[in-house]
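Next up: the structures, one after another.
One chain, chain A, appears in both complexes that follow, with chain B as partner in the first and chain C in the second.
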Partner chain A sequence: MDKVMSNKWIITLYILPALLFIAVLIVIPLLLSGYFGLMDWDGIGAMQFIGLDNYITAMQDSKFWESTLHSFLLAIFSALSLLLYLVVALILASKIKGANFLKKIYLIPMLLSSVAIAQLWIKVYNPSNGMLNSILTSLGVENPPAWLADPNIVLYAIFIPIIWQYAGFYILIYYAALKNIPESIIEAAKIDGASPIQIAIRIKFPLIMTVFKVTIVLAIVGSLKYFDLIYVMTGGGPNGASEVMASYMYKLAFSSYDFGYGSAIGFLLLIITLIVTFIIRKATETKDTIQY
Partner chain B sequence: MKMKKAFTVLTFVLICCLLMVACSGEEDENSASGDSKTVKFMHLWPEGSSAQHYKVVNQIIEDFETENEGIDIELEVLSNEQYKEKIKVQSTSNELPDVGMTWAAGYMEPFVDGNMFASLDDILEEDNLSEEFVAGTTDAFSIDDTAYGLPLELNISSIYYNKAIFDEYGLEEPTTLDEFNQVVDTLNENDVIPVALGNRDAWTGSMWYMYLANRLGGDEDVLTSAIDRSGSFEDPALLKAAEHLQGLVNDNSFVSGFNGLADQEAKSMFMESQAAMYLIATWDLPNYTTNEDVPQEFRDSVGYFPFPQVDGSGDFNSYVGGPGVGLFVSENSEVKEEAKTFVSYFVKEWGERAVTEVGIIPATKIDGEALDLPELYVEVLDDLNNASNITLYADVQMSASAAQVHLDMIQALFGGEITPEEFVKTHEETLANEE
Partner chain C sequence: MHRVGYILLYICLGVVGVFQIFPIIWLVSFSLKTNQEIFAGNPFALPTDPKWENYLKVFEGGIGTYFWNSIWITVVATILTILIASMATFAITRMKWKLSSFVLGIIMIGLMIPIHSALIPLYNMFLNVNLIDNPVSIVVTYMTYNLPITVMILLGFYTTLPREIEEAAIIDGSSIHRLFFKIILPLSAPIMSTTVIINMIYNWNEFVFVNTFISSDKFKTLTVGIQNFIGQYMTDWGAIGATLVISVLPIIIAFIFFSDKIMEGLSASAVKG
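And then the complex of A and B:
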């Protein structure tokens, strides 16, 4: 049996289907979108090769930069909210009453589809009879904001459900990592007289650092290509105030029928995400790994 | 050793299976059906969301198949957004259905330019079919005087209002913008939302702007000529319309937060009697007449009035509206003749059935008197017969990318983010760039 599995031909044969799938479903479309980005094409008629024109247009397109800025703002917010998730996970992991119940509560948003979450929050944000403004009015606020209609607020109003949506996922990861820390280390610290906060900052956090780094990459890359909730809740509006890179790409390709330009934006999105990932990996690189 | 052999054989079988699955996708479908020909028809009225439409389409297909031996109709039904995406993918790979649905003007232009749609002039001439259509409706589906689609629906927009609310506060249908403003003031004083508007779908806000432009423009259709470039978007009437629109917003005419509301949400506000007025097109008529799911009490209390005159100018018989979807025949279809026979049959049959069974207004002429219809319906049909002008929806007139700019600008104008001057300037620049 071992002999068979070490046969190079057999190995190749077994990997081949997966490789084919990756090539057909991921690599080829990626290359194609880069190729379409070089075309003037409405997605229907004949393609016309225009070189790097689409990419040059993108560089001068204020809407593209605006949506890129929004994507980065989302990335920063998501990265910051990781600290919040971590605090929650630390509390949950420290043997409080009802931790299991709370864990399940936090997981609920993960079980809902993005569209359902969007519909839920649209109701919450409804300016005249939504939950949020009803509470504000009863508290005596005279003109509560129209959350999804105000261009200065809409972006942050959408960040909140996104952060809420992923809370369970990250809390679960941290919780699992924290539970992996050997009890003896914590006991030793306690005997040395460390306070719970000191234990959390000096011992637990460093010990799950590798996990934390992974989640930073996940959160930032996920934010840069984020699309669904924004598309359903505002469609990028009003007037582009909540447009992110992915929704702008979709709008160009499928609403404005500028498939070439949309593909170019998609390819730029890929490049930007790759660069950011690379930078984060470099910045958080450490040689020595902690061993329990 | 035996094990190894068995394993290699197993692997071989596995690979063969994979290859077979990969290759079995394409089968020749035409050869199987013998003498009869199959016309593939794709439409966007699924049973779930458009039960009446769906039923009538099926009846027409059934009747067609009995009357035309040897032609089978193969049906595919998708919902609106899915339809739009699928048709786009199919056109890219040259696999459009033989008969399908398209929107007018700007939407279908790329398809016509790409040589995807067949000319339907021959069916229009045959049996004088063109006489059957309401004047102007086929024009919206024509490019360079060739028809590439036959319209199925005709819509005009009016302001629908809640008679019960109007009665409660002693209000009457306004005929001028000043009267309209007074109505709004009274409603605001009594804490009733005057107008439901879901401007997240900016085409609804666009209708308000179009009507203001239409009324201020007088007899000439300034908006249409600005878009087709025989005129300019810097026409004083178009600027003035933008100013009036912001005036309406500043007077709190619309529900607060309209830029964040979808049309569906605005509609439900109107239908739950939370808002007094709602500007929408006749495709919504069933909700106010025949739809059994809507309480009878509410249906009885809905009336409508034409958009008021503005600054003493404007013709009540001039409407904002246009044909909805129409049928096209694919240029590359292998059964083009049969497809055309079907299309011609379909539009003829659709006319009366659309009114009596679906409750929408078809693009073909019908005699409202002869049919037993709800009162509101007869009024609308009357208005349509007397219409002096129908200005086609701006976002339909424009190319897809210009329409996107228009819709964004509408949201910005409503939201007070830009001045009326910037509004007309951006439009003029966008349209001039496309020439």
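And then the complex of A and C:
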């Protein structure tokens, strides 16, 4: 039995396709990104080794820092929006009729492509006849903002569709976790005279802490990788006001044909993402898991 | 008091529901309107005389090609991913070897990394082997980048299968291939359907790989193709609406039929992450 199930040839045969594709199309490109970052290269002509020049340029490039800042702002907004989702999930999980149906309605935006979402929200934000400004004008607002064209507003305007897109996903996760809490614990607290809000804050929230921590990692790390929505909605504009790390990298490589510098930014994006993941995982690590 | 509280809670949930669904309803509604209705009319008004010709216009404009590309690329990539992921998961969870957890770790790398970091080298690699502007580059990247999440969803199910299955099969003289293809794969049908639907959604919605690797219209998928369309119709909001509705409709239909599988897959992929 053991001999059959540890046949080296068969193991290799079964594991090799997956491993080969992952090595060639994920691992090697990631390493190459760091290597290309050491080159002066337009993507077509010969590469010229220039050492750490691209990385040094990045450190002094205000556009790179701005886009990094925007990525981190989106990450912080996303982490904060988790509280909003949690409140909705708490309400939804408190024996509400039709919870299943509502949960599904909330989830629909998550399933649409970012491009469709971006195009839809461009229309919502359209200054002259979009849904939002039509509502605002009918409410008596005289000069509603040009949402995506105003550098001071654009990042917040982009964040609304992000909240919209992911709401159902996080609500679903919290809802599942809340439903796993044994009824007896809640009943005991009720008998002790705890109010629903006390139960939510003192009992339910601590009990789903592990799941909450996972979602923090997901939200923050996910935000650092945002690209599609921003690329389609504003292309990083106006004047770089909504540029994020990934869109800056894309622009450098595929619009300015600066593949060397683009690769360096891509590699920095990788490093930053890994460091941030590591830090939040460490910061949210639990030593004792809750038993019930 | 109790009743007032519940009404307030329902109002909260209702407001969230309207916020989530209304932009989509608005989209469907303006896809059936004329520009005049959209520009001058009330955005909440339903179309008085639905303009189905907006949809006709978009099909005549050639959205069918993008639609077909999305379908075949999604299907081929999904089948390949599930097959390769199932084989790998079988070897990792059911067979006995020392490096299995190490190999699993390598596969899981794909869950953490930003795909944009790999984009320039991938572009260069495909350029060198003449696969730029060739749908093969799209199929293999979709397949590879979906492997980690697929293995992760399958993993839990495969580990819970009882050992007796293998023992019985092998005592009966079955080969490992027979065991895998005839026994394990059929047994994993429920979890496999979850991975199929999750893969399909990811593949259908993918944007950046197609946008980077494909330049000819004849190979573009819907997500990238609709960008063209919207440029082409610029101010014809009805046509733009119709384009967007066509691109999201298959997913919404899939959701109506498979919402439980989709929710299962989404939460499995998150909670373990």
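Definition applied: the second predicted complex is superposed on the first by the 280 of 292 C-alpha atoms of A that agree within 3 Å, B and C clash if a C-alpha of one lies under 4 Å from a C-alpha of the other, contacts with A are read in each partner's own complex, and residues count from 1 in each chain.
The working rule: a residue touches a chain if its C-beta (ideal position, glycine included) is under 8 Å from a C-beta of that chain, and two chains touch if they have at least 3 such contacts.
Remember, it's a predicted structure, so these values are computed and weren't measured experimentally.
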Overlay on chain A: chain C relative to chain B, clash or fit: clash
Which of chain B and chain C A:235 touches, first, second, both or neither: first
Partner chain in contact with A:254 - chain B first, chain C second, else both or neither: both
Touching partner for A:151 - first (chain B), second (chain C), both, neither: first
Which superposed partner A:17 touches (first chain B, second chain C, both, neither): both
Touching partner for A:82 - first (chain B), second (chain C), both, neither: neither
A:216 touches, of chain B and chain C: first, second, both or neither? neither
Partner chain in contact with A:43 - chain B first, chain C second, else both or neither: both
Chain C versus chain B, contacts on chain A by residue: C
Which of chain B and chain C A:207 touches, first, second, both or neither: neither
Partner chain(s) touched by A:270 [first = chain B, second = chain C, both, neither]: second
Chain A residues contacted in one complex by chain B, in the other by chain C: 1, 4, 10, 14, 17, 43, 128-129, 254
Touching residues (chain side chain A, partner chain C) in the complex: 1-2, 4-8, 10-11, 14-15, 17-19, 21-30, 32-33, 36, 43, 88, 91-92, 94, 96, 102-116, 119-121, 123-124, 128-129, 131, 134-135, 138, 164, 167-169, 172-173, 176-177, 211, 214-215, 217-218, 221, 224-225, 227-228, 231-232, 245-246, 249-250, 253-254, 259, 262-263, 266-267, 269-270, 273-274, 277
Residues of chain C that touch chain A when the two form their complex: 6, 9-10, 12-13, 16-17, 19-21, 23-24, 26-27, 30, 38-39, 42-43, 84-85, 87-88, 90-92, 94-97, 103, 106-107, 109-110, 112-125, 140-141, 143-145, 147-148, 151, 166-167, 170-171, 176-177, 180, 201, 204-208, 212, 222-224, 226-227, 230, 237, 240-241, 244, 247-248, 251-252, 255, 259, 262-263, 266-267, 270-271, 273
Touch list for chain B against partner chain A, complex: 3-4, 7-8, 11, 15, 18, 84-85, 88, 91-92, 110-111, 113-116, 193, 199-200, 202, 255-262, 265, 269, 274, 399-401, 403-404, 408-409, 411-412, 414-415, 417
Residues of chain A that touch chain B when the two form their complex: 1, 3-4, 10, 13-14, 16-17, 42-46, 122, 125-129, 146-151, 154, 234-235, 237-240, 251, 254-258
